[in-house]
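The following blocks contain the structures, represented as structure tokens.
In the two complexes below, chain A is the common chain; its partner is chain B in one and chain C in the other.
Our next item is the complex of A and B:
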């Protein structure tokens, strides 16, 4: 992807503005842009959400399929993350142009949301996705589509993934054992939406990218601001404020004391974002239930 | 919406006559209505030289021999009808509709704010939000840089990729290529500041495209291509901008975004009314 250009004057300007706690769009260093979440955008998906964070626009769809669990975790379901860059967002994404960015985003999503080898630490309890131990389970495909790039893609994608998983309703499955115990069991998938299981996404972490501009911690960067930042730290924070994962991004290193400050900034920002997201989700899910009832 | 009655701009409650043709009923969608209400501050057809029409709107009820049909118009049962949303332009007999959205269409004499995207041996290629990149030849870049033609001066020592410049459109060739002109390539480079991108239709060619706020030491360049540059006044980028300057620029940028958001024409006077 061809990097957008910025002049030396603009870099000086943004750096000076950040040091005065006044960014180009009038925000302070720790202010997020307006977060807009819409649930149930895609009728065919198990769950979906569109998140607009300023100019950034992301759609995430969750599709549940029946598959085979991992050999080392036979009692758990699986979640597969994928990100696609739409050529609508940038002409540079035509062909295979967006592959690098999309694999980076998908990996970041997986790192912050997927449990470690022990099966712990993930935001979602994967054992509820198990159908028959060691044989079948639900596989959730979480696919993000980037529609517009306005900076801070990682945070927008993670918020959208959380919203889409909260919106997902996994159908109820009944295992019907044949007469002979050696027979393969049959599955009956109940397509009644009222019987479907909602995933508990409340424990899922949300990614906050804290960047350094001129030695100051800044969150929710625009494209121009991202060009001025040499170091960034992506912190996954859950609803209770616990830090679930940290990834360092961009070329420069970060001093240890500064890193602690960045984590604190991320925790403050995450608390606000979690509140905004959960209130928006609760409101929309309430409306959906009213419509059904 | 702010309505300036002195200029004869009508409020959004104005009800308009619309041609009863099927074309109008089919294409006059909600999106068109939104666009119309957004841009109606720019004026109405028949109220002076500019007016905004939507698809299917009648521009001339009796299109006789005195009217030449231009771009964005078509003849339907004897009347001239708009075939796209935009502003009506009249050049003697020629009537055309200039679109309100889309890429910037350059015209000779426009002041534009652009970004250098490529440096070549004797010219720079500049992004001015047009369909093609504009060309800034070394020969039009002032006497101070003429030495570069002989290879004595490095092109990148004058302007590098990413630099913002304020330039004037010198020529638009028949294939659409835009040629820019600056008095001095070094001086055309804009000092520290920020750019606000708005629809190009909102910035009309005017007498003054540069506005200075002497009290805070900032200035703005209103590019006809919809790029409004706001930043520190004064050529040298040596000094770090002060907090008053940053705050004043952010204020002016917010004013430009707010005005553009409600479809108001962006002029130095309009911005100064909001940011004295």
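Our next item is the complex of A and C:
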């Protein structure tokens, strides 16, 4: 991949700045860039959101389909995550170039949102997506598209996925059993949007990437800053501060006590981001209701 | 997993997953909460490879072959640092459901996980422009594959004579009904509310990989990590012993050959 280049001087400049708690754009180490969220801008999708985090620009669409539940979890619906790295955003994504990044992002999303094999411990209550136990359920396809890459993709994609899932309006389905119990049941899908089910987004975690630059914990890196960091931890944190998934990224190791500190930094940053996101969501959902009413 | 959904495997002998995995502080297989499964480690199991290792943790069986350091493939760019490529393959008969042809998302994730665990341990500057290929084959997946694969792969790297800052040991912890279980089996992790895998360079206490699943509160996570660190310390002595045994065995073999040559 033709990675963006950085000179040794720039690396030293950024590292020194971080050690004085001042970054190139004036932020402190634990400051996020401005998070801008727009909901429901894709008419064809069940739910959609566009998140802009500084220069990073991500759009997520949720499509609901009716499918078959997992054999392991007959009472639960499914959510399928996909991320497309389009060559529009970076020439490095030409051909199969973006495959690795897209599968990494999709797996990170899935791990934070999806419950463990026991069906417990996930960010979303999948049982509300069940229609007929073991037979039919809603399958939500959450597809993210990277429009512009300005650093900290993971966090932007995860915030966008949460917003899009919160925006999703899953139609109400009634199962009508025929007179003969051996008949296949009929499904009646209610097309009234005001009757549609909304998912509870409050339990969903947000991914926070905490990186190390010169031994200091930094969040929300720009592309330039990412090139200066040798180790990072991605921590998914839910609204109550619970940790819903950790992955270590990049090459270097992290001292164990520092690793715990990074998790705490992520918890602090997540609390701020959750408030910002939920107030933005509430405001926009209020406006939508006004428009419908 | 995509592709597996169409065909249903026939559950001939597969028992239901047990609903309770702990009774009175004893686990299904008779272990206490903070006890490893039977651990067996051995290096030098593949004659063609530069280095190799086999690890067995109860029913989890993993074989690793390391090839290189050798010239990087043409398509990768020039790099002053060496590369470690990891490819983890689950044997098609390793899991309950038959594996799919080609790399599954699970295998891709395992590969990335093992790679991150190893990269921080190897002195990449010692083999510039070259790459070491680490092939991991999971023969049987009985739980904790990522940890076992990382431990075995580090032994294989050591066996291949690649310079390491320290060996990597990795182990998993599951949280089931408020109890923390060291080195969980598949049945146990099936019932978990949270799980984590920790890979450590034991001498410097440096974390090279940390993956967690499920929901953890801050204090639970701290306890889980402490248990995993304790587990890694136990594994460290086993891993070092395994490497020592291999050296002693190699020396004995060489001596024997010399004696035969003289006779």
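Rule of thumb we're sticking to: the second predicted complex is superposed on the first by the 293 of 293 C-alpha atoms of A that agree within 3 Å, B and C clash if a C-alpha of one lies under 4 Å from a C-alpha of the other, contacts with A are read in each partner's own complex, and residues count from 1 in each chain.
In this section, a residue touches a chain if its C-beta (ideal position, glycine included) is under 8 Å from a C-beta of that chain, and two chains touch if they have at least 3 such contacts.
Everything numeric here is computed off the predicted structure, so don't read it as measured data.
Peer 1: Quick check on the superposition: with chain A as the shared anchor, is it clash or fit for chain B versus chain C?
Peer 2: Result for chain B and chain C: fit.
Peer 1: Between chain B and chain C, whom does A:16 touch in the aligned arrangement: first, second, both, or neither?
Peer 2: In the superposition, A:16 touches chain B alone.
Peer 1: In the superposed arrangement, which partner chain does A:54 touch: chain B (first), chain C (second), both, or neither?
Peer 2: Neither chain B nor chain C is touched by A:54.
Peer 1: Tell me the contact category for A:69 with respect to chain B and chain C: first, second, both or neither.
Peer 2: Once the two structures are laid over each other on A, A:69 reaches no partner at all.
Peer 1: More chain A residues touched by chain B or by chain C?
Peer 2: Chain A has more residues touched by C than by the other partner.
Peer 1: Once the two structures are placed together by chain A, how many degrees is the angle at chain A between chain B and chain C, based on Cα centres and rounded to a multiple of 10?
Peer 2: Reported to the nearest 10, the angle reads 110 degrees.
Peer 1: Once chain A of both complexes is superposed, is A:98 in touch with chain B (first), chain C (second), both, or neither?
Peer 2: neither
Peer 1: Determine, under the contact definition given at the top, whether A:8 touches first (chain B), second (chain C), both, or neither.
Peer 2: A:8: touches chain B, not chain C.
Peer 1: Compute the least Cα distance separating chain B from chain C in the superposition and give it as a whole number of Å.
Peer 2: 11
Peer 1: Would you tell me the residues on chain A in contact with chain B in one complex that are also in contact with chain C in the other?
Peer 2: No residue of chain A touches both chain B and chain C.
Peer 1: Can you name the residues of chain B that touch chain A in the complex?
Peer 2: For this pair, the touching residues of chain B are 115-117, 161-164, 189-195, 231, 237, 240-241, 243, 246-247, 249-250, 253-254.
Peer 1: Can you list the chain A residues touching chain B in their complex?
Peer 2: Against chain B, chain A makes touches at 5-10, 12-14, 16-17, 20, 22-26, 224.
Peer 1: Please output the residues of chain C touching chain A within their complex, sorted ascending.
Peer 2: For this pair, the touching residues of chain C are 5, 8, 105, 108-109, 112, 116, 119-121, 124, 189-196, 200-201, 204-218, 221-222, 225, 229.
Peer 1: Note which residues of chain A are touching chain C in the complex, please.
Peer 2: Touching chain C from chain A are residues 68, 71, 103-104, 107, 111, 115-118, 120-123, 231, 233, 238, 241-256, 259-260, 263-264, 267.
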